[in-house]
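Down below are the structures I want you to see.
Shared between the two complexes below is subunit A, which has subunit B as its partner in the first and subunit C in the second.
Moving on to the complex of A and B:
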């Protein structure tokens, strides 16, 4: 028996084709994982089932849910089904809730829209739904507003809204992508439990092979709007036929070759660093409190080494990064690069600053869209006392662009002309142009598709070997850190709780928090890498 | 919520104190002795001294500031140099025209802008939307005094529905008074309504593209339900800001319209006082306007908090 049957679904937005002949099924109680990179059409497939497509979209084919062909239903009929027969959970929990309505009201609304019940009864059922997603009323009153909850808790509220009427099909579009690994693991367990309890079908969409592999009964791999391969999980991992599926799998576990050996001389020395933030004052005449974001952190990076720093959001990773870069003054301890302090007195030390560069996560937000690539890439020149001019400047820009696999002609383009992966290459070129010793990669590959991520990791490894670079690799993604670092630091609540050789820490974590992180990290099933 | 309001109140008092000091000092440094100006070129030194004494122009700056503020707090705004009448009386007389006019215009502008903005946003890209955008473009572009003169021509001179100017006075009853304020209020409201419509539309469109709107649609709400239940209140913050600014402007910015319709409002009073160098009047009217602006901002802040729980602070 099938619950959802997608047959020959085609979709075009303003005559631009998005989906081609997509077909698969979901049975009651079954978890179907749809995997693909950005632009594969996986989210559009989900929205087509909900019929929440953008303006100008036209779908043909059949999407039969619970005996009805969704493609041919009228808008009022669809409104009657959304939330009742099919529910949906979205990627971004921070913005998925109405900020000015209480969580109780928002969950109760699902019930009030579909059933003629009193508000009191709807609230009572909202209470039950919230309790089912582990937000019990004694700790999370219905009068709470979204801004009073964490990302994971908000995602639970969204799930409660979607399952309040016990729909037959739940669609989850990257439900855990924006969350920390431990929160992700909890949400995945919750979704699994709800599927078992209600016997509903779950269509789970993700870019992360490992997340879906753990969960799904059946996998659908999509690329460029087509299903390239589908089959039961985990058997599919062993029997993959399509070259794209194989490439995707290989990229997910890609291990770049790194030849360079770290030297014994320390490059960066961080000693007892403390970073306090002032918090809001209590009352109008109260004293501001302090929040210790980085608490007595000490470590070293040797020249040529690749050091990983892992931890969940809010643990102080980014604060520590800013302190190392000399962007903010620390309240205690010292940071030295090659024996030179990052801060002298209350001023950042330019001589040290020009030897460190950073690459950030967001390849879209970290460039000024109105500047051409040559200007963007040559920005760090302002750190030099005598920046190169004329042909010397041109040569430096060309060299930086070539070293990241772009051409010198790309210098005349604007940033919107590049893809996400190319932008991240430009960010790396910008970091390389003043020939720094240390490059800090702050979630630098987290926003990239797995195949692009593999290429960037290869590029970084290659640059490290050729230019003798030292990396501080900051990430929440343990599997990537495992592949590219020599040693790793684990940070929790401002403190380094464990540090050691990466392979050792991953094989035998000693701190309970590290063990918790590793246990929560989704893993691909063991398979023969051919 | 109470804490938030208290905090805003404290900042209101501080703003008022700072504003009064700035206004007082600004008037102090204006060149020209009001007493000398009033008595003319050939004044005797002793007459001048006597007038200075009478006007309270002697004493240290601090003494004069304190007596000015103290007077205002007890309702004594001083005496006008030129008219020799208490300033408080003059202002309250004018306020009874300017305040109702401002409220009248603001009400009209809001009543036009809300439905028009919502209508245009809910049918984005349609003929309705383009029509609303076109009309509001025109409304912003047309100078309001020209529109006022046009209305006088049509409604007062040709159709004889309204009088061409002047104020009937409240003692004649509410209707005649409101009637004489109607054309000026429409003239004032036209550009304001156009701006507010555009703000309403774009704010609503921004809100309609937010993630939580999609979440609400996934719950089964229709487009219309999503608009009324989720989008509208979220779209109010920029609209409230503009309404607050418009009210402040309407209180004093009506001077051209007051002149077109011969209305003895605050704008004309301050204009006359400046040309006659009647500094006490200028000072008092400016302080009053600043007071109005600060109080309106306070009200807008409180309205923000009523709309948005995030501003009320954590529990």
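Moving on to the complex of A and C:
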């Protein structure tokens, strides 16, 4: 018996084809994972099942859910099905909830829309739904508002809304991508439990092979709007046929070659750094409180080393980055690069600054959209006392672009003409142009698709070898940190709780928090044996 | 971009209406159907005819010529008022955003609130009452009230830009607040400023007409749409065309500028553009 049967689904938006002949099925109680990189059409497939397609989209084929062909239903009939027969969980829990409605009201609303029940009864059922997603009423009253909850708790509320009417099919579109690893693990366990209890089908969409591998009974791998390979989950990993699936798996576990050996001389020394932020005053005359974002942090990076810094959101990683870069003054401790302080007498030290650069996470937000590439890339020249002019400047720009695998002609283009991976290359070119010693990679590969990520990691390893660069690699993704760093620091609530050689920390974590992080990290099946 | 502009109905209509009046004002410098200073009492309050396409006023002056010359006054007052508002408001807004949360930010924004707190037309009347009615004083009065509009808009937009990674990258490159504001913030708020500029421009024309209507704007014999309306009101039943044509001129210009502002906003915002094909 199948619950959802997609047969030959084609989809075009404004006559631009998005999906080609997509077919797969979901049985009750089955978890089907749809995997693909950005632009593969995985989200559009989910939206086609919900018939929540953007304007101008036209779908053909058959999407049979619970005996009815969704493609040919009218909008009122669809409204009757959404929420009752099919529920949906979105990626971003911060925007999926209405900020001015209490969580109880939001869950009850789904019930009131579909069933003629009294408000009190709807609230009672909302209470049950919230309890099922492990938000019991005694600790999370129904009157709570979304801003009073953490990201993981909000995602639980979103799930409660989706399952309140016990739908037969639950669609989860990247349900854990915006969450920390430990929260992700809990949400995945919750989804699995709900599927077992209700016997509903779960269509789970993700870019992360490891997340889906852990969860799904059946995998569907998509690329450019087509299903390239599908099969039962653990088995599929061992007998993948299609070159794309193999490439995707290889990229997910990619290990860049790094030849350079770190030297013994320390490059960056961080000694007892403290960074406090002022919080709101208590009362009109009260003193502003302080929040200690970085608490007595000390470490050093040796020349040529690649040091990983891992921790969940809010642990103080970004604050520490800004302090190292000399963007904000610290309240205690010292930061020295090659023996010179980053901050001297409340002023950032230009001589030190020009030896450090940074690459940010978001390839789309890192560039001023109104400047051409040459101007973007040459921005750090501002740090030099005598920036190169004329042909020297042109040569430096060309060299930087070539070193990241772009052509010197790209200098005349605007940033929107580049893909995400290319933009990240430009960000690296911008960091390289003044030939710094230390490059801070602040989640620099987190927003990239796995295949692009593998290329960028290779590029970074190659540049590190050729130019003798030192990297501070900041990430929440432990599997990437494991692949590219020599040593690793684990940060929790502003403190470094563990540090050591990467292989040792991953093999035998000593701090409970590190163990928790490692346990929560999703693994691909191959990893489990090694 | 240009193709998208041509398919945007509001923008095309707005631009056409605005150009008609700007064109009329420009043509009036070299040619008008009849000298606006020349009175022709025997032909006063004549309805539209071949000699006077829009009729004559109570002194027998040609209304078409007066509207054309009056457009000069309206446009000049509104342009200068917008320039004053932008010239002072945008730097203030950029400064407030660059030093967000500081005393400077607080002083600038509370100063804005102070100007906002007074009804603008009333203060304009006060200024012209104290310094004497003239087109120049009208310009200054209207311009002052444009300052907080631009300062707030700029600050609000700039605040969100200051959190962008490219601004952080510029700070890592050692650039200071002034340089970042000029290179990264200002170019990215220009779209908003152009849209708001057209809307303030139309409000300036309205404000000038209102001030002239109560006799505090441009003084006779300089023709002004507001005063043409004021002059016509006692004769509205005898010569309705005297009120209708200057009124239409104000209405169509303001409508045109507002449509243009809407159209530009749609054009600059790709999300809206897609929906309104």
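By our rule, the second predicted complex is superposed on the first by the 526 of 530 C-alpha atoms of A that agree within 3 Å, B and C clash if a C-alpha of one lies under 4 Å from a C-alpha of the other, contacts with A are read in each partner's own complex, and residues count from 1 in each chain.
Going forward, a residue touches a chain if its C-beta (ideal position, glycine included) is under 8 Å from a C-beta of that chain, and two chains touch if they have at least 3 such contacts.
All values derive from a computational prediction rather than experimental measurement.
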Looking at the overlay on subunit A, is there a clash between subunit B and subunit C, or do the two fit? clash
Have a look at where A:301 lands relative to subunit B and subunit C in the superposition and call it first, second, both or neither. neither
Looking at the overlay, does A:90 come into contact with subunit B only (first), subunit C only (second), both, or neither? first
Regarding the shared-chain residue A:148, is it in contact with subunit B (first), subunit C (second), both, or neither? first
Who does A:158 touch here: subunit B (first), subunit C (second), both, or neither? first
Partner chain in contact with A:79 - subunit B first, subunit C second, else both or neither: first
Would you please give the residues of subunit A that touch subunit B in one complex and also touch subunit C in the other complex? none
Which residues of subunit B touch subunit A in their complex? 6-7, 10, 210-212, 214-222, 225, 229-230, 233-234, 307-310, 314-315
Could you please specify the touching residues of subunit C with respect to subunit A in the complex? 164-166, 168-175, 179, 183-184, 187-188, 274-275
Residue positions on subunit A within touch of subunit B in the complex are 50, 52, 75-76, 79-84, 87-88, 90, 92, 95-102, 109-110, 113-114, 145, 147-148, 158, 161-162, 284
Going by the contact rule set out above, which residues of subunit A touch subunit C in the complex? 55, 325, 327, 348, 350, 353-354, 356-358, 360-362, 365-371, 376, 379-383, 427, 430
